[in-house]
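Structures given as structure tokens follow.
After this come two complexes, each holding subunit A, first together with subunit B and then together with subunit C.
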Partner chain A sequence: MSERHESALLHFMVRAVMTPAIMLYGLYVLVHGELSPGGGFQAGAILAAGLILSWLTLGRKSESSIFSRRTLIVVTVLGMVLYTGTGILAMLFGGDYLDYGAIPLEWLDYALPGELTRRQMGVFGIEIGVALAVFGTLSLAADYLTAPRSGDEEGEEQ
Partner chain B sequence: MRLFALALALGTATLFIAASVDLPDRGDPDAPASNYVAPYYVEHVEEDIGVENVVSAVLADYRSYDTLGETVVIFTAGLAVLLALARRERHE
Partner chain C sequence: MIWQLEMALYALLLAAAVLALWTRDLIAAVATLTIYSFLAATLMALMGAVDVALTEIALGAGVTGVLFIGAVSLMKRRSVD
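For the complex of A and B:
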């Protein structure tokens, strides 16, 4: 997948229309996951689909500056850390593991009674973590599978 | 050998079909599956979590340990695949 397809229309459609639309829809599914069907797993898969589509059509190199292999590994681990960190944060303030109501962010409690807003934020936090982890894992797998064979100088060893 | 395989498949299918006759109807409110904790989740989600999507509430709050496990499974599977692929790349 290293050589680029030479169609201006294809480049325009993927770069300016489809990838942004898919990515935006992934963010919508993530942010709206508490109100409508959706959530972290689905959002991560949709985000990865957008990235992989652009890799498959535009070639791997055009995008590698933003989502390099190292960045994707960092994103994946960051997602896991966000999930477990939310749980540990609740533990640090005297709650149970993943008991979001224990996190003392009282200034959030204006929209809903009691600790409900904090609970929603906790749910949202771990959904973001799940989305990042799924996005990173799927993109990394696609990255390794579409990487040019050795002999091509894209190696980016670490 | 192929006849034995056919008999085995047919026998298993017969067992499954015979067992499925005893299953409760789909969406039966008296089924054990919808009588354990599911009614509690549906009735209390508004006051417990305040998330309108009950599926999200169960996934990310009531059963967040389970979701943590799922995420770890995906993470670990991805890690294992990457290790295998990186190894192949280095050997070439």
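For the complex of A and C:
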């Protein structure tokens, strides 16, 4: 599954057309998540699908890729920390856990009346966290499942 | 909604499900399950559940197909029962 294909058209279509389009759509779903269908989970799944598609067609070159296993673990943990941090930030300013209305973001009030802005930004932070965590987890699962195996269980390189 | 289109989608959905159970080639079964997820997502979007359809298309047709292919690549390609 990890051998490389040498078709220039395939490389161009996947690397320059399909994966950027899928990733851009994932970002769109993430940014518009609280107003329209979509959200953090779907955006993370779409982002991971774009990355996995390029792995499946072009092969996995873990040395040169920016999405190495270590990076993906860091991204996953960062998403969880972002989610929990947003909730605890609201607790630090006197609200309940995940009570976005308590987070002081008065400098954003030019866009919407205060309470709405704060709640929308809180939901946005939560959704970015969920998207990062889902993206990292699904990519890691696909990475471990499709890793090349030398011998029976010896294919666990760093 | 156009009811002929809906009936055709239901028929294709049943055909994809039966084909996924009937075939002995596991990669073909995974591809048929992907088609099943895509048709189910189309039906959900037609019924107005766009959020559910988006999840179904991202997970059912995207990620689980890849995970199934990864699982099939660890064992024999054809089922024997």
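Before moving on, here are some points about what is shown:
Definition applied: the second predicted complex is superposed on the first by the 146 of 158 C-alpha atoms of A that agree within 3 Å, B and C clash if a C-alpha of one lies under 4 Å from a C-alpha of the other, contacts with A are read in each partner's own complex, and residues count from 1 in each chain.
Note that a contact is a pair of C-beta atoms (placed from the backbone, for glycine too) under 8 Å apart; a residue touches a chain by one contact, two chains touch by 3 or more.
Fair warning: this is a prediction, and the values are worked out from it, not measured in the lab.
In the superposed model, A:42 lies in contact with subunit C only, and not with subunit B. In the superposed pair of complexes, A:56 makes contact with subunit C only, with no contact to subunit B.
In the superposition on chain A, A:29 makes contact with subunit C only, while subunit B stays out of contact range.
Of the two partner chains, subunit B and subunit C are each touched by A:141. If you count the residues of subunit A touched by subunit B and by subunit C, you find the higher number for B. On subunit A, the patch touched by subunit B and the patch touched by subunit C overlap at residues 37-39, 41, 138, 141, 145, 149. Residue ranges on subunit A touching subunit B, taken from their complex, read 33-41, 76, 79-80, 83-84, 87, 97-98, 100, 112, 116-117, 119-120, 122-123, 126-127, 129-130, 133-134, 136-138, 140-141, 144-145, 147, 149-150. Of all the residues in subunit A, the ones that touch subunit C in their complex are 1, 29, 37-39, 41-42, 45-46, 48-49, 52, 56, 138, 141-142, 145-146, 149. Touching subunit A in their complex are the following residues of subunit B: 48-53, 55-57, 59-61, 64-65, 67-68, 70-72, 74-75, 77-78, 81-82, 85-86, 89, 92.
Those residues of subunit C that touch subunit A in the shared complex are 50-51, 53-55, 58-59, 62-63, 66-67, 69-71, 73-74.
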